[in-house]
């Protein structure tokens, strides 16, 4: 056998070995997810009852429910969406379609957004605490929570919307301009419709991230244990991750169990939103080639 | 056609959008301002040299001690240990997905990885405390209830999908034509992956690594739940530690007085965290920028 | 319709227009040989200018078609054959001109030879017309049959040569033999070139050279 | 080098090869007219086959070049001119064949006419060679000057015709006049077609038709 | 022959790089003018000056005059929105909007708002007919434009340009992304279009310029080397550089 | 003339769609064989069967034989890694690796490990020379391949294929992404290459097939309609469909 042929055999062997190894890696990664889900389900499914969903929290695990946190989270996210999506999409449109790419402002904006995306969420909590909660004296209110979360996810929405807008082929945009259509009409006529799926996916993913955030809310003074429902923007409130954190921090096993139930509620909501996002993306990916 | 019409609507829209865009700049200004404001006051009371050189962190003790190094070392421990989980597994998954998996397998696995990425950190924290730690203790009985290793594994698992997905994006972005070119010269999949695709996607992969580490540094809830509250320089994975983020959450949970020195420590630690992650992000950006021209 | 189809049709039409002018020249030849009508002879010579111009036009159009449309296969042969036929037509026209020149320089021909010349010319015209017809309809089978018409011309000319030779030997005739024989050659050559046209047509359609010999 | 350059060079080389064969045919004509050597006459006739074949080859190559390389501008003219020159060369070859046929059918020509024929032929060869030379070097200026060489041929032929006419009138000569005159026409025509080659060359280089008349 | 556009002393700059140098050219009405030349010679740039598409590229500058209907296209005061309505453009790659076929045709019409709503059906039909596409799509006007083949998409882009009633149609290598058969369909269509419109077409393919155009302009390094009737250009170019280029001896 | 590859009764399927139907063709050694035909007729598919690139596409199947050096390329047991070393392929778009010029040339040589390390410099030079690129790049062998122009990149891709010492080079529309000048450089190069290699080239352009190839195969709807000498095919095609296609009367 020549050297070449020997080497050829080894190359085929290494290739097979590597393939098996990588497959194992994937299996391990997936196994973790399965374990995680299974573990939580195992711990939490018994206490996940209708009562649990519709009751106030309580010092006794058996009676405790998550209603204020569930409602709090939903309201919080709705408000966050209202603030962050228009701001984020607007900024993305400005960046991609209006700003002069050579201007200082544009470069500053880009750098700024890239950096904001990497700022730990807890730091946003500090921002909320210092500026909105204390300086503006809004306290640990619903509005402060949603502003904080909005600012937290704003860079994500801007970046994903920018990507979605960038993904609109410039040939199509030029096509519209070349027909004598103004910029704004081009934006509403072709760019936004084409970028919409991408913007939606990005926004949903960002919002679901906000939904799971606990640290910044803790920083702005939100607590898990709240026994009333929010009724205005300045109300105090709770949120799902907060109550879960509260329960995990307690030493009793029973609280660990209802924490698992709380996680299940949160995960079901997230699963639904994430799946929606993934489906939107897969649908549109196959359409525009 | 002779005279340019003035398109008023167009101009108004442009101004409004520019205003929207400035919000994000105001956010940064707000962050820096709030961090600086309290920090400056803090350093008026505590020497900056003491802060960065002494190795005891006990701000609420009497007398308080403000050596931030134990928090930093705890943070780094988490970052290093978690990278050992997330980087190899993440990259491996990425290579598998982009180079080896059939399109069917990829279609199945990718969304699952994405779901993994969507799991909130609090859930990982819970998982670390109630599953990983007990598991570790069956193998390593000396493991403390709150320990760095368990938190690191959870942080690693949490950042794995990010590494996998960003690296895979980078590898998928290598034009298929280059891949085909390599196969057409008689290469095996392994050679195509290691000699062509990974080098070509290097910048994307590297920046995903840096971002993963940065995420680990800024991660809060997992460490707050599972890593303990003991500032320590011991670098013992099995022992309880405290990270910067862990400290901040802890303080926020307590009933601290605005204006008190404890209150200010939160801002100072926040400042340190902010600076570290900022530097990491800038590094990631540099790596990308340096290799950006490749396919131009 | 594909552009080249129309272009080629227009191109061939030029060839037909040219062929009609050439025909006109030849219809007058017997006449002027009989009457010695120098006016008419001059108008033949004049017509030759147009014919030459037509050839040039065909060449130019052919070049344009080749350059602009880069024809292939049968389209290409059509163009090349067009050029070649135009060359032959130009020559055929030249022969009429040559006859006209003879008329201008010489007396009307000897009555005795007139019937020959008339037969020759009518044979030629028959052959010529038939040739342009088969060219139009691209009928190879008919083309192969036509060549025998050329023999009619040649055999009549041969008879006339014999007659002439005899007369010459007998010193019967006052005709300038050299000039007359040279003139007669024109009929023969015109027939030959018409035969060339048939060969070109066969080539165009079949992509095969055919030689009537 | 660009492919079309080599292809066109090879294509022109075919034309030159053909022109050499044609020249060979014509170098023998005076000889056989003098000696009546029928063997040699036959070998001229044979050579004509090769010349015809050459023309076919040139046509085929031209078609291939046109189809495969779609030449433009001067390249295109080069090909078309190649085809046209080949047609003329084939004709010029034909005239030699025609003279050979005369030799086979007739006695050697009258001694008295021989010097004329020799002069005619050497004038022709000079003209022919000069023409192929300017074609090779594409020298339009020289080409314009050359045409006067053709006049040498024509004037000698005219002298011979006069002599012949006179002899004929005086009944001095036993030559078959008809055949002899027909034969002489071949020299004249060969000169004419050589002149055509010059015209083609001028067209190739200048893209302008030129008519020596 | 009427001159539709008269270009005089046109210079064009990308930043400090001069991409067009002192171009003078007359565009004849109802004729097809082809622009040829090696890559980077400025063909696309030239075409972009005519409908001011270069406005969309930062740091560009044009001087000289492009006279069209009594105005200088290059003037600051020219309303480019209006201008681009009058001078349509078709791009290299078919770029239909991700909308239905009929929406594509109506897209600009609706946004300009200068034609009656009740005429929309006839606008659709006429535009598609003129673009030789009607018969192929009349039964599926509401289907996505992406369901069409590349060649059909390109004709749809032409149709959508025609719907705005332009005078002039600019085309930048409109067939270079198409296969030969789709290409020849577009080439045939061009012969129809020139009856009503003035067409300027950039093409990489000399053969295409030869086949379809009435006038040809040959650019080299930002200069206009030769401009004239196509048949002259390809049978007897005046400039040595043109001859070298078209006979494949350049570069 | 030696026959290098003998294709017999080749059928090819993408899933249930049959893209090639009973193809029989002889590829002659040291000749250029061009494949022409309308879009989607199966040209690329055919070329992919020869170096088994279709293995990279899921759910494909080929039957029949492609005889090459005593083996049937289509056999399961054929080592495709080795096969592809012997049969090089050049793609439509230049696809150099994001490495230096010399690394590009050596990439496959290093992987195969059948040539001596000390020969590497000469391998680089020879391959680049054969690809007519040496003079243009000899001073910058360590620069990124992306610093080259499109045409140079394509020649680099040819050079990197030559470095593995193939017998056969397959090219799938290698010039369709290039401008006419870069194209003619590649066409000239092909005339050089055929002295040492057997070349099969897919081209969209009949003119190109005419200019460069010795043999031409005309495909239509997955069938091989006509195969023969190029000069015959373009001056006197045997099949009516071929004539219609080459004279632009198809479709």
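Letters A, B, C, D, E and F name the chains as they come in the text, with residue numbers starting at 1 for each one.
Everything that follows uses one rule, which is that a contact is a pair of C-beta atoms (placed from the backbone, for glycine too) under 8 Å apart; a residue touches a chain by one contact, two chains touch by 3 or more.
None of the values given here were measured: they were computed from a predicted structure.
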- Note on the structure: Shared touch partners for subunit C + subunit E come out as D, F
- Query: Over half of the interface residue numbers used by both subunit E and subunit F, so same, or under half, so different?
  - Reply: same
- Task: Express in whole angstrom the distance between the two chain centres, defined as the mean CA positions of subunit A and subunit C.
- Result: 91
- Query: Using CA atom averages as chain centres, what separation in Å is found between subunit A and subunit B?
  - Reply: 15
- Item | Approximate Å spacing (C-alpha centroids) for the pair subunit B, subunit F | 48
- Item | Mean-CA-position distance for subunit F and subunit E (Å) | 35
- Message: Where in subunit D do residues touch at least two different other chains?
- Response: 2, 63, 67, 70, 72-73, 76
- Item | Touching two or more other chains - residues of subunit F | 81-82, 111-112, 184, 206-207, 210, 234-235, 248
- Identify all positions of subunit B at which a residue touches two or more other chains, and write them in rising order. 7, 188, 191
- Query: If you look only at subunit C, which of its residues touch subunit D in the complex?
  - Reply: 52, 56, 59, 62-63, 66-67, 70, 72-73, 76-77, 80, 83-84, 87, 161, 164-165, 168, 171, 176-179, 181-182, 185, 209, 211
- Task: Would you tell me which residues of subunit D are touching subunit E in their complex?
- Result: 2, 4-5, 70-76, 207
- Item | Of subunit E, residues touching subunit F in the complex | 38-39, 179-182, 184-185, 204-207, 248, 250-251
- Report the residues of subunit E in contact with subunit C in the complex, numbered from low to high. 184, 187-188, 191, 207, 210-211, 230-231, 234-235
- Note on the structure: Given the complex, residues on subunit E that touch subunit D span 206-207, 210, 234-237, 243, 246-249
